[in-house]
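To keep things clear, I will list the structure first and then write my remarks on it.
Read from first to last, the chains carry the letters A, B, C, D, E and F; within each, the first residue is number 1.
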Amino acid sequence: MKIVLGIFFCLSLLSLSHASVVDFCVADYTAPNGPAGYSCKKPAHVTVNDFVYSGLGTAGNTSNIIKAAVTPAFDAQFPGVNGLGISVARLDLAPDGVIPLHTHPGASELLVVVEGQICAGFVDSGNNVYLKTLEKGDIMVFPQGLLHFQINSGKSQALAFVSFSSANPGLQILDFALFKSDFPTELITQTTFIDAAVVKKLKGVLGGSG
Amino acid sequence: MKIVLGIFFCLSLLSLSHASVVDFCVADYTAPNGPAGYSCKKPAHVTVNDFVYSGLGTAGNTSNIIKAAVTPAFDAQFPGVNGLGISVARLDLAPDGVIPLHTHPGASELLVVVEGQICAGFVDSGNNVYLKTLEKGDIMVFPQGLLHFQINSGKSQALAFVSFSSANPGLQILDFALFKSDFPTELITQTTFIDAAVVKKLKGVLGGSG
Amino acid sequence: MKIVLGIFFCLSLLSLSHASVVDFCVADYTAPNGPAGYSCKKPAHVTVNDFVYSGLGTAGNTSNIIKAAVTPAFDAQFPGVNGLGISVARLDLAPDGVIPLHTHPGASELLVVVEGQICAGFVDSGNNVYLKTLEKGDIMVFPQGLLHFQINSGKSQALAFVSFSSANPGLQILDFALFKSDFPTELITQTTFIDAAVVKKLKGVLGGSG
Amino acid sequence: MKIVLGIFFCLSLLSLSHASVVDFCVADYTAPNGPAGYSCKKPAHVTVNDFVYSGLGTAGNTSNIIKAAVTPAFDAQFPGVNGLGISVARLDLAPDGVIPLHTHPGASELLVVVEGQICAGFVDSGNNVYLKTLEKGDIMVFPQGLLHFQINSGKSQALAFVSFSSANPGLQILDFALFKSDFPTELITQTTFIDAAVVKKLKGVLGGSG
Amino acid sequence: MKIVLGIFFCLSLLSLSHASVVDFCVADYTAPNGPAGYSCKKPAHVTVNDFVYSGLGTAGNTSNIIKAAVTPAFDAQFPGVNGLGISVARLDLAPDGVIPLHTHPGASELLVVVEGQICAGFVDSGNNVYLKTLEKGDIMVFPQGLLHFQINSGKSQALAFVSFSSANPGLQILDFALFKSDFPTELITQTTFIDAAVVKKLKGVLGGSG
Amino acid sequence: MKIVLGIFFCLSLLSLSHASVVDFCVADYTAPNGPAGYSCKKPAHVTVNDFVYSGLGTAGNTSNIIKAAVTPAFDAQFPGVNGLGISVARLDLAPDGVIPLHTHPGASELLVVVEGQICAGFVDSGNNVYLKTLEKGDIMVFPQGLLHFQINSGKSQALAFVSFSSANPGLQILDFALFKSDFPTELITQTTFIDAAVVKKLKGVLGGSG
């Protein structure tokens, strides 16, 4: 037994000190961030709770006009995914609920339908449209940066989880970019050929100015 | 109207030809693959069905000794994710079901509990163990390449979807690597300090040789 | 001199064979392509002309309704940039010319104004709008995947070169995705809140169906 | 109208807070930098001017012996390109002007001739030389890390813009590395076979020591 | 000579200031680190000693039960490799010495035998075992994240250098993860099928708890 | 026992088929290669010998004028490293042996001195020179793309292994690029300020033309 106990001491030579472990880089929101993500929390302060997030356990509130809610678990909400190239969000869609046309500038998206039926689609650079009605358990992938949407096409509540190939995929909602911003109406008209009257009406609804 | 119709012709100059669209690279399983993934299917042959996969819609068969099943949707099964840096799998765990200790050599993993209760954990390079009992809707991230496991810790069936930061995360199950392979018993004993008798017993069960 | 000549022979040991040179990977359009780009032309067939492209030397035809033209030199046109993470395009804008709102799903863009004056802008995920009137010699960067546009805001012809952080940046023109495609009008309306009448009018102009 | 206004409130759920926007990472020169670039300026302090740079609008002074000037817009000069994998520089070459043999250790380069005529070339690992006389509007790509040069081969002033596949491509000018440094003459002679007398003469001219 | 001296002044235009040199990013252990590595030491403080490491010059102490020692030169020990995607370690194995089964979660490994004879092996995701007896001068590569080991199979001392495709490859030793941690015995048994008695015995030897 | 045997069958569900294993991508030299490397050999044909290379076991012939030899194990020689981001070479230097000034366009290099004494150095973009005399066991890192050299500064044979952060680092030897190529003498003179007579003399020695 004396011999075997020796393993303990000798193997210590093989072990890297805790301080230098960089299997992961849990986000430290108080330090600077950079192009690759947030600074790392000191390993000694990391706990299992940094790798677990409970914010997706409750359905988002869909009692609204789009009858839908998106709840993100990106690196800004979930420190454990920082630097790991993955994140997730929860989609709740009441009947007739809609996630409006949008892009994720820095990530591909993979949707899993957990409840209900969802009609989803995206458009590619060649203006080809890819549409599909997805049932429970179906998955669909939306390649990086392309316009896409999800609609509850069933009669009951729909629930989906969408994962991303980045810890911070970004989210640009077309209608918000145009009509909930201070994008000057004249420039919108010039660059989209949508009538100024239509632009102004949607800005009135969504709160845009200019 | 004649003027406006002109937009059609002029804007054509801006459109890239369909043949060169590489917003995505749907896997062509008949052509060579390389370090970055499979060759791309010709864009003209791509349809929405390449981006949709229904293989995760049915529960895996958990009527077995581990009372669990894993159903992958990696690039080898789901051609649309090829080259996009993301994939997914379905975990079904009956009561007492276990996904044995394993690693994904090339990806981080993000688990979403959809039904039931799961006890999950991983170990880092500093031999710190991170354990958590996850309820429905909880998510947990397992950093790239580290040993981890999932156990159904509830009384009912558990269902989870796990997404990966790679279209081909790989899967190395510890027990299979050791005991369902032709890894010579003597070498296993030398490199793990597990008694030869234990190794041989587990090899007998799992079908390993050597 | 005999000694010095020896350098010739000995140094040969240091030289990698031509066949294995992979300083570059000139596109071979006849072989399969993959997620990282086109297959490589055999080094023996590569010439300087693979690295030079003259297609941007002539102004594009701006005698059209948008009074603008885009001429790309991406990997599909210019084999030498394959795999090098860079490409370029030429923008010609007659007075009042417009490059409509668009994104590049897989690349950031850097614009250099060579002639004239250009009003350019982009919108970020937080719906902030960044607008600037650029004079000759000014440069502006458009971060990856975000909606942006360019307008000739001067009285003379404008010329700009735009380079990209990818050999194949992609190009999704908003109006084309919506109105020059077979994106069903009903779905557009549901996912953008733009009236069906407006959608149909623009589809009539641009040639969309559905 | 009351109903439609509801969109405003519900859609707010979809919007990521401004603080977490990381569509870009404008360089904060006062915070630490890392392998991926500079730390990010707080989003609230970012303005359009971070994405615009006017330093390339004026011709560099070519009244010198090489009759040439290089003006960079890398991440150290142009904060908006930080982390975006792209940057640019302006080349001015008077008649007979020369950009001496150099490499960019971390980037490929793409040159666009805007005025005049430029003779450019590079050498690959197999010692193949690629030379071309470029006219206005021609582009040429120089693969990462290879020795290359540009010479004004016309009778008038030449102007080119060169973009890079990195926000910080680096620039190693061969003559400077050897003759404007404190690289000991003896070591230069040993590692290049250039006579010590030649080395010393060029050091005298360029200001090198050792 | 007056003319030639002009080169000195004109070429200065081409030189990037020292402050912005980022050919490298020597680790500053006092500043925050991030997903891409440590912050960079200010260029003015960098010396050649940051790029040289002498810690591998002495044989590790192999007077222990595994008769082996590993000495790392990762970014935590060797500041010059920070951000460069490479690192190295020294392996000393006395006769019968063993580097137990382990993985590097974030890197591939390349071993060079410098002295003696080493039996090495790895297992892939398909449970295929790759074994080889390596003689002096032989090299072997272990793909990223897979279980592998090294054993001195000769009669004399063995020495090897192993390099990694990352500045921080991580190191997860199977026996330490299981038996030198606080991984609860019951969970180990459930997830590896190794008897609790065996687990407890090895924990007793290696110092694990739970 | 019957129950335990059940593990065999159930766990089979977890195993990915051999055909889709992509833990590695052993080079298939007969199929096309792309920007990310060679095509992958079919997994069924892969053996341990693909991951082992014996070509570095013998000293290179240093009976030549530079008294040195370089023996590479890059992806073109060693199929197992394809796509893994690592490779290695052996340096043999007789007394007074020299590896002339060179760069690796696509990789950082890490040198380990195994026998003898080596004087090594590199120059950065700011024209700072980093020189060091390395003893047996010392390591030195050369950041990507920078000019560097190695000289045997001891009295005995020197041996070193150099590993790279790429499976195909490339190798551009300055003297070969200039003087063993068909780089026209006039252009060399113009772009390096080295006298034509010196260029012609070195071309005569090394076999260059032009």
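Everything below uses one rule, namely that a contact is a pair of C-beta atoms (placed from the backbone, for glycine too) under 8 Å apart; a residue touches a chain by one contact, two chains touch by 3 or more.
Computed from a prediction, not measured in an experiment: that's the story for all the values here.
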Mind listing the chains that sit against chain B and also against chain F? C, E
What chain is the most remote from chain E, judged by the mean position of CA atoms in each chain? C
Would you mind telling me which chain pair, A-C or A-E, is linked by more contacting C-beta pairs? A-C
Chain copies touching (chain D, chain F) - same or different residues, decided at half shared: same
Need the CA-centroid distance for the pair chain D / chain E, whole Å please. 34
Distance in whole angstrom between the CA centres of chain A and chain F is 41
What is the distance, in whole Å, between the centres of chain E and chain F, each centre taken as the mean of its C-alpha atoms? 19
Distance between the centres, which are taken as Cα means, of chain E and chain B, whole angstrom: 27
Contacts with two or more other chains, residues of chain D listed in rising order: 7, 15-17, 21, 23, 32-36, 84, 99-100, 105-106, 121, 124-125, 127-128, 131, 143-146, 170-173, 175-176, 180, 193, 205
What topology does the chain touch graph have (line, ring, star, complete, other)? other
In contact, pair by pair, are chains A-B, A-C, A-D, A-E, B-C, B-E, B-F, C-D, C-F, D-E, D-F, E-F
Partner chain F, residues of chain C touching it in the complex: 3-11, 13-17, 19-23, 25, 28, 31-40, 82-84
Chain E contacts chain F in the complex at 7, 15-18, 21, 23-24, 43, 47-49, 51-54, 56-58, 73, 78, 80-81, 84-88, 90, 108-110, 112, 114, 121-122, 124-128, 130-132, 134-146, 161, 163-165, 193
So, in the complex, the side of chain E touching chain B is made of residues 98-101, 103-106, 119, 121, 123-125, 127-129, 131, 143-147, 149, 151, 170-178, 180-184, 187-188, 190-195, 198, 202, 205, 210
Which chain C residues qualify as touching chain B in the complex? 32-36, 60-61, 64-72, 74, 76-77, 99-100, 102, 105-106, 168, 170-173, 175-176, 180, 205-207
